[in-house]
Amino acid sequence: MVELNNTTQMKIMLEAALLTSPSPLSLELMLRLFSERVERATLRMLLDEIKQDWLARKPNSMELVEVASGWRFQALPELAPFLSRLNPERPQRYSRAAMETLAIIVYRQPVTRGDIEELRGVAVNPNTIRQLQERDWIDVVGQRDVPGRPSLYATTKTFLDDLNLKSLADLPAIDTFVEQIFPDDEAIAIEQAVQADFIDNKDPPAN
Amino acid sequence: MVELNNTTQMKIMLEAALLTSPSPLSLELMLRLFSERVERATLRMLLDEIKQDWLARKPNSMELVEVASGWRFQALPELAPFLSRLNPERPQRYSRAAMETLAIIVYRQPVTRGDIEELRGVAVNPNTIRQLQERDWIDVVGQRDVPGRPSLYATTKTFLDDLNLKSLADLPAIDTFVEQIFPDDEAIAIEQAVQADFIDNKDPPAN
Amino acid sequence: MTTLVTELKAHTEPRLHGEAITSLPHDLYIPPDALEVYLEAFEGPLDLLLYLIRKHNLDILDIPMAELTRQYMGYVEKMQAIKLELAADYLLMSAMLIEIKSRMLLPKPDEVESEDDPRAELVRRLMEYEAIKSAAQKLDELPQVGLDLMVANAYFEQVIQVQAPQISMEDLLSAWQNVLKRASHFAHHKVGKSELSVREHMSQILRQLKEHNMMEFSALFDVENEGIPKLVVCFLAILELAREGLVKLTQQAAFTPIYLQINQSN
């Protein structure tokens, strides 16, 4: 066993105790480490020395700090964001309402909140819009010229990047869906009508 | 945020991660720390460097070790008796019955409760099995294909971690007893027979 | 680390009223409370048998069954007398011992060789159990995290990194289909790939107009870099923007430049 006859040994024990403790160590607890044969003042002095030793350590990863319930080692604050990667939150899922709101903005852009509400038949949760804006998936591209001048929302480049798309045209088209609902002639007619409206640019020439 | 452009920074991050993680860190987890932009070989090299740095540190309190489920820092063994004074919720020592049950699971895994009872000649206390499961030292790895489909128990990585082992092969051999009773040729023959029985089970199934 | 060792000693050297009991009384009279102490010290019939074998220096490879059985039965009778719960396992072993003993008394038929020793199975079990006993002891002597090993567990400020939900194109399409399914004016809302790129261009043009306030019509077309389909899509987007009243198109006179600006009538 280690002899407790010098401050170096005591500092080593304190350091080990602080690095292995899951919660801050109070002075009382640390005194117990030395079977109470150490003065509180000495203990404080040793802790300060350890603190300085670590501050002087280059390069360094940890710092000794005093918090309400005692002393603890903690990772330097600038490292914390990296360390947080080790236990990330579980990825969330968007609610059905949020997904539908996003889908409307994607497929009918630019749209106002009113457009979305009309299509969904229910009020839009302002949080959903805010969430999508904060993620930089949608933004305001203008105002519609009607009373109240509501904002027009559209998807951003970030949205395309995040879905690994080059353009919205890469999104699955709704055509297949039309076939599901109108199984035969009607579907073809509708499709033709839609196609007639817009030129097909499935294969744009390389620039 | 810190730039990851040099090994010093990476070592600092690894050190902070290892000093703050309550359980050993696998290479996979540590790769996540660097958003997977680091080779496994590089990571191993950095870990070895950190290990050497700490070994060379004088005076020193901690060491970096590799156990079954990854890498961790732990206090130098000679400091542990002191540090355990601080830990009021020390894990209990198990009773002899529990240790025998554990030994059978360790050396004969995978085993059913019936196997344990046959070997020990007494009924297994269900609490013992539960205790070992709650500690995450053993778990059910399957069912034996006999009537009643009894559970097959095996040890976990946590068990190896908690005993500071990298694999079951690091466990003490079980043969010494045979030598005591049969001092010569006979001992060797019996030992070989016993080893043949145990040898298959060195690697527990992955959890 | 020595805990189990001492514990084991305590087990194999039962104590009564603080004093070690080193040998059984010859008449096998044991006060009931002492017997309990004894029995609790054993982990079962195999443990008791091993104890007896060691204690009486019996050869485990040539066990004198009569002697061992007698010793063992002495314990079991006492156990029954005080109705110990453990008795069932011990009784099973009694039966086995008696069976082995009686088989050994039978004259051996000539054709059966000596390797068919009735004690073989018992010896195998005893040896296997003793191996486990010693393994248990060795395991217990290994350093354990929390007792003999302290692992690092310092603190860091967890930065909550809320992972943004991941969505796939399929999620998006099925959400859109749900909307359309419920929408009353279904036919009005069909969208093909081509219309989608028109709508994308509408957003882009609005973005440009937001930035520049007013733009010349021709400035919206990148004739040099875009293929004809894209230019057409851009043109369709301008028409659609105008139709929806989102932009205003102005021209001072014939053949003068056409200007686009965001519709801001008020």
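Per-chain numbering from 1; labels A, B and C assigned in written order.
Please note the rule applied: a contact is a pair of C-beta atoms (placed from the backbone, for glycine too) under 8 Å apart; a residue touches a chain by one contact, two chains touch by 3 or more.
Just so it is clear, the model here is predicted, and its values are computed rather than measured.
Undergrad: What chain lies closest to the overall centre, CA atoms only?
TA: Going by the distance between chain centres and the overall C-alpha centre, it is C.
Undergrad: Computing the C-alpha centre of each chain, which chain sits at the greatest distance from subunit C?
TA: Farthest by centroid: A.
Undergrad: Could you compare the number of C-beta pairs in contact for A-C with that for B-C and name the larger?
TA: Higher contact count goes to A-C.
Undergrad: How many angstrom lie between the centres of subunit A and subunit B, each centre taken as the mean Cα position?
TA: 35
Undergrad: Can you check how far apart subunit A and subunit C are, centre to centre, with Cα atoms defining each centre and the answer in Å?
TA: Comparing mean C-alpha positions, subunit C is 27 Å from subunit A.
Undergrad: Between subunit B and subunit C, what is the separation of their C-alpha centroids in Å?
TA: A distance of 15 Å separates the two centres.
Undergrad: Counting only residues that touch at least two other chains, what does the list for subunit A look like?
TA: Counting only residues that touch two or more other chains, subunit A contributes 16, 19-22, 62, 73-75, 79, 81, 83, 85.
Undergrad: Could you say which residues in subunit C touch two or more other chains, in rising order?
TA: Only 150-156 qualify.
Undergrad: Which of the residues in subunit A come into contact with subunit B in the complex?
TA: Counting only subunit A, the residues touching subunit B are 1-2, 8-9, 11-13, 15-17, 19-22, 25, 29-30, 32-33, 35, 59-62, 73-76, 78-79, 81-83, 85-86.
Undergrad: Enumerate the contact residues on subunit C facing subunit A in the complex.
TA: 150-173, 175-183, 186-187, 189-200, 202-203, 206-207, 209-210, 225-230, 232-233, 236, 245-246, 262-266
Undergrad: Within their complex, state which residues of subunit C touch subunit B.
TA: Where subunit C meets subunit B, its residues are 3-4, 7-8, 11, 43-47, 60-61, 86, 89, 93, 125, 127-140, 142-156.
Undergrad: Spell out the part of subunit B that touches subunit C in their complex, as residue ranges.
TA: My answer: residues 16, 18-22, 62, 72-75, 77, 79-81, 83-84, 87, 90-91, 93-94, 96-97, 99-100, 102-104, 106-107, 119-123, 161-165, 171-172, 174-178, 181-182, 190, 194.
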